[in-house]
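Here's a structure for you.
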Amino acid sequence: MAKIKAGVLGATGAVGQRFIEGLSDHPWFELTSLAASSRSAGKKYCDAARWRLETEMPKDLGDMTVVNVDPSEVDADVVFSALPSDEAQRVEAEFAAAGFVVASNAAANRMKPDIPLMIPECNKEHLDAIKKQQENRGWDGYIVTNPNCTTIMFTLSLKPLMKFGIESVHIASMQAVSGAGYEGVPSMAILGNIIPYIGGEEEKVETEPQKILGTFDGEKIVSADFSVSASCHRVPVMDGHTEAIWVTMRDDPSPAEVREAFLKFDPGLGDLPTEPKKPLIVRDEPDRPQPRLDRNAGRGMAISVGRIRSGIRYICMGHNTVRGAAGASILNAELLHQKGLL
Amino acid sequence: MAKIKAGVLGATGAVGQRFIEGLSDHPWFELTSLAASSRSAGKKYCDAARWRLETEMPKDLGDMTVVNVDPSEVDADVVFSALPSDEAQRVEAEFAAAGFVVASNAAANRMKPDIPLMIPECNKEHLDAIKKQQENRGWDGYIVTNPNCTTIMFTLSLKPLMKFGIESVHIASMQAVSGAGYEGVPSMAILGNIIPYIGGEEEKVETEPQKILGTFDGEKIVSADFSVSASCHRVPVMDGHTEAIWVTMRDDPSPAEVREAFLKFDPGLGDLPTEPKKPLIVRDEPDRPQPRLDRNAGRGMAISVGRIRSGIRYICMGHNTVRGAAGASILNAELLHQKGLL
Amino acid sequence: MAKIKAGVLGATGAVGQRFIEGLSDHPWFELTSLAASSRSAGKKYCDAARWRLETEMPKDLGDMTVVNVDPSEVDADVVFSALPSDEAQRVEAEFAAAGFVVASNAAANRMKPDIPLMIPECNKEHLDAIKKQQENRGWDGYIVTNPNCTTIMFTLSLKPLMKFGIESVHIASMQAVSGAGYEGVPSMAILGNIIPYIGGEEEKVETEPQKILGTFDGEKIVSADFSVSASCHRVPVMDGHTEAIWVTMRDDPSPAEVREAFLKFDPGLGDLPTEPKKPLIVRDEPDRPQPRLDRNAGRGMAISVGRIRSGIRYICMGHNTVRGAAGASILNAELLHQKGLL
Amino acid sequence: MAKIKAGVLGATGAVGQRFIEGLSDHPWFELTSLAASSRSAGKKYCDAARWRLETEMPKDLGDMTVVNVDPSEVDADVVFSALPSDEAQRVEAEFAAAGFVVASNAAANRMKPDIPLMIPECNKEHLDAIKKQQENRGWDGYIVTNPNCTTIMFTLSLKPLMKFGIESVHIASMQAVSGAGYEGVPSMAILGNIIPYIGGEEEKVETEPQKILGTFDGEKIVSADFSVSASCHRVPVMDGHTEAIWVTMRDDPSPAEVREAFLKFDPGLGDLPTEPKKPLIVRDEPDRPQPRLDRNAGRGMAISVGRIRSGIRYICMGHNTVRGAAGASILNAELLHQKGLL
């Protein structure tokens, strides 16, 4: 079987590099196009990008010539977007109009009611909105998005709790510096320090989960009815977002019932290549999960939960640039392919 | 005026050193006795203790001979206790029985209904329990305690909010490693990592604030009626606990009203030497308070608050070994002296 | 082919865990015995050891019962010693006398003239000393040791420079905290700090390289004739020792000649399972090698060198608990098996 | 006595802020002019600068209006230059030509033979070059510079060793991130990592000490005759450069003789306000100096040395943005005033 041709928009940045890492040996996708700003276009990728990952840059990709972020220059069936939000707003629509499938990690289009905001384990039925999206917009292609990194971690953990009737959620996040991109957080700002603020983050975290856990009514995706109140903090951790979660539920389940729900959670996805064996890993040690020890569980795609206490309170942890960014988009594209949409 | 003679119990440890730092040039107290375990007793302090602070060890104190933690060996009017909780349980009563005033940072006696758990800015009227304590126990001396470091920070911020009718509090703490003592947190545990657990901490944080903000009914201290739900985390920060706080209040004040209450908060203490000019400092920048920049405000005795948002949510930060430990005990003793109890 | 039975002495500690990680799927060795102190003996390994690695504890090993560090309790052909130096001094001889092959990471026996101090890529001919060792000591088994972690990194880089006539070496090391064991470096000592001292380290670093690069004269191993002057420092890095090296050589080679010697270095080992494809990786970027990016090169077994400048100066970096400890012992045992000595 | 009017060029950056901190309560100088780029000019200082220091921004300075870096806009007798090197090259000459005394922390003019490169404790006689400089260049004002931060630390320690006949120096530096400015080192680059390269640093470190310790021959400053070989590394430390030093000397002094020379070193400066009581502090503990504990010695102006061993080897540590930057320039200006040159 011929592989599906894949491009990366914003290929030189931190998330772009994670896309390349995740796609370079992919069983279904083949990287055929690396697009970046005009400053990089025309150069070999290994000259345009300063590789920042602990794995080596895939050799053959280093020799590819970077193209402009322009539908006419990109040769691909699906493009993965690691663009900054303002650029994504304009560019992703151009690609969708030109017939591309756009799997986007950008925030720009996440909250539009006809654009799915996907976590495959949570809301695969939202893919039904794609047809509506194409009708509404007259596009040959379409856009699917994945949530903000902080949203993904705890929303995945909320999914199996929906049956208890979620009423409200409090979340305090302790977020890794890689979430801000390579130049995002100066070392003088964060060494031995906490920054109790991440621009725009709380707004995303307080609205995305309800859309993800909502329903598509045939016309639009309607958000679920619960509140989220977030306090987001940057901490001196390289990778891995840790979240302290409180969930108030109508049925007031016990910690044991919540643990049981986490353990039994089976998203029934089939067998997507990037999917972790279990999306939620329950740690019963008193002091887990921890980013250093748990972020790579399920090759960075599993969410670890622990310390389930009355309240209901628990800790939720996941790899922010894998499960929370590039891996999320790739899993979305795998689902699209499985469903015959790609 | 002759100075009041002061001893430190547990003088060689991390909090003991902070006591010495805080007392070495004190206008009212004079360090006359440094007590530690039998391993240290008999040695010169500079040989017994490995000084870990950024300030230099006060010279004259280095030459003092360490004595045993025994009322018969300690020459002092007031003793400051930096003992581990289990030892404090036994020893502090011995000192109180022997006529000493004990200003304790240990957890052992904090929740006893006839022993004041003091934050001078919050509950100076609880000192009335001292007489009852002496009656109950037949002691010539007495014990006053200060709260857990994490408790102190946000409880101080709750005091001016009591008028709005506090119903419940959620707190996620990001706590500095110095809170665990010098050997408490191995670097391999915390470098670039978060540990979402601190043994015994959440239990303290969830019960102490209500006692502090409660009332003395003539017989015992009765806790205030609100709930606290805590999630405590260790972070790679040297000094300074950062806390994300949510407070639900009957009167549902706006963020502006909460800010106003913080700004206007005046504990009316008079002029205690260790007291900060303002106990609560309101930071209006979007990304403050931060431990590195704000922990030394008011010589480590002020609490900084910021990011007051609807919810009500805010960030609270203070120096855990100064305001949260040694400085808290010293301020208590200053209040005792001001009230003629020492 | 039946696998060789392998035991680990000191199996619960930090290096012991790295041994288990390195041996759990080994093509030649099979873990048959996990030995530790009497505190752990009798317990299941998963109860005796607190697993600290980012990889999961191998499941079947977690169920093994820990035995005492006693030849009569250990069932193995080769034992890997992660014992503390004082205990190793006594115990390793007992095991060798009882017929075991001892592959030791401990310092106790490293400098004995009839005990090989091995880096397989440097001095495989020193294995000839084993027969002499057995004669001298009347042992059925024998001991081979691997060097101190800091020694291994730069000694490997010196090997291909020996032809230029090494006269003297200066080394300033920046060593990761994992080298001191899990409890070895308190976070309060090293967060945002440098400790310019590691007990006993400089002495090892200044004598071991000459033995490794020396010759076996039929009776004893005679150290090579050059001097090493070391300054060893602890830095807030989890894994990976970085070393600034100056080498004065008789032939005064140019940086290009040194680079060429590094690139061409082929130890001719054959194909040992733990051996990296290239023992020395030359990085030509201006700012490499770095511990975070390069420590896992060659699955942690390759040494990365870079910034080769006149002087001759260069930077040398390797994974201290893999290439510098457990991996070094395992590679030694693989060489023993290849040479028919195991 | 009226104070000397002082301006800061580049007042908003990291070193500029240290200048303001050091000058705001100065007994001899009065801050009369804050100059910065056109982006800041015209704004109030508190709006133009994001204050990054742990101390509070001096209130009255926050209200000053920032001016352009232009002699016609700056009202001052002496200007302190925290300009980037390329801008300094052009601008400092303009100020000197316009009659200002320029005390510069920039690298641009350091190595010019008629411009003193000053450490007051080392080479106050080089001030004689000022007259020559004015003659050569036809300036009414003049420029004095201070060395690179890494240079200052160990050069101060070399001064009392000059009598032993210094032949060569090896230095491996472990440099704090603040040396690169607030945005200089991304946290993703340095958290738990070492970067073994700092652009342009080794070149400065290898040439500046010889000029500082050289002599003014009436025409030009002639560098002393010894070699320096440097390896410079960035470490995850906020403030304080640690240096491992080897010094080869003709007279081959013992460690005790070197220690004695350090202890007896008395620069005979008189009593400059910013001068530390002792420029060199000898630490006899086995593991000192350390940046966290020792960087603030002498209010950040003293250099701490320790671990003096045969070789001669020792450790040298100082505060890079105080003694190594702003404090160095201020001390230079104090010396100028003392000598009647300002």
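Letters A, B, C and D mark the chains as written, and numbering starts fresh at 1 in each.
To be clear about the criterion, contacts are C-beta pairs under 8 Å (C-beta built on N, C-alpha and C of every residue); 3 or more make two chains touch, one makes a residue touch a chain.
It should be emphasised that the depicted structure is a prediction, and the values quoted were computed from it without experimental measurement.
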C-D or B-C, whichever has more C-beta pairs in contact: C-D
Most remote chain, CA-based centroid, reference being chain C: B
Between chain D and chain B, distance of the C-alpha-averaged centres to the nearest whole Å: 41
Approximate Å spacing (C-alpha centroids) for the pair chain C, chain D: 42
Centre-of-Cα separation between chain C and chain B, whole angstrom: 47
Multi-partner residues of chain B (at least 2 other chains): 52, 191-192, 236-238, 292-293
Contacting residues of chain D [partner chain B, same complex]: 52, 54, 191-192, 238, 292-293, 296
Complex contacts: residues of chain D adjacent to chain C: 170, 172, 174, 192-197, 199, 229, 231, 233, 235-238, 240, 242, 244, 246, 286-293, 306-307, 311, 313, 315, 317
Chain B-facing residues of chain C, complex: 14, 52, 177-178, 182-192, 236-238
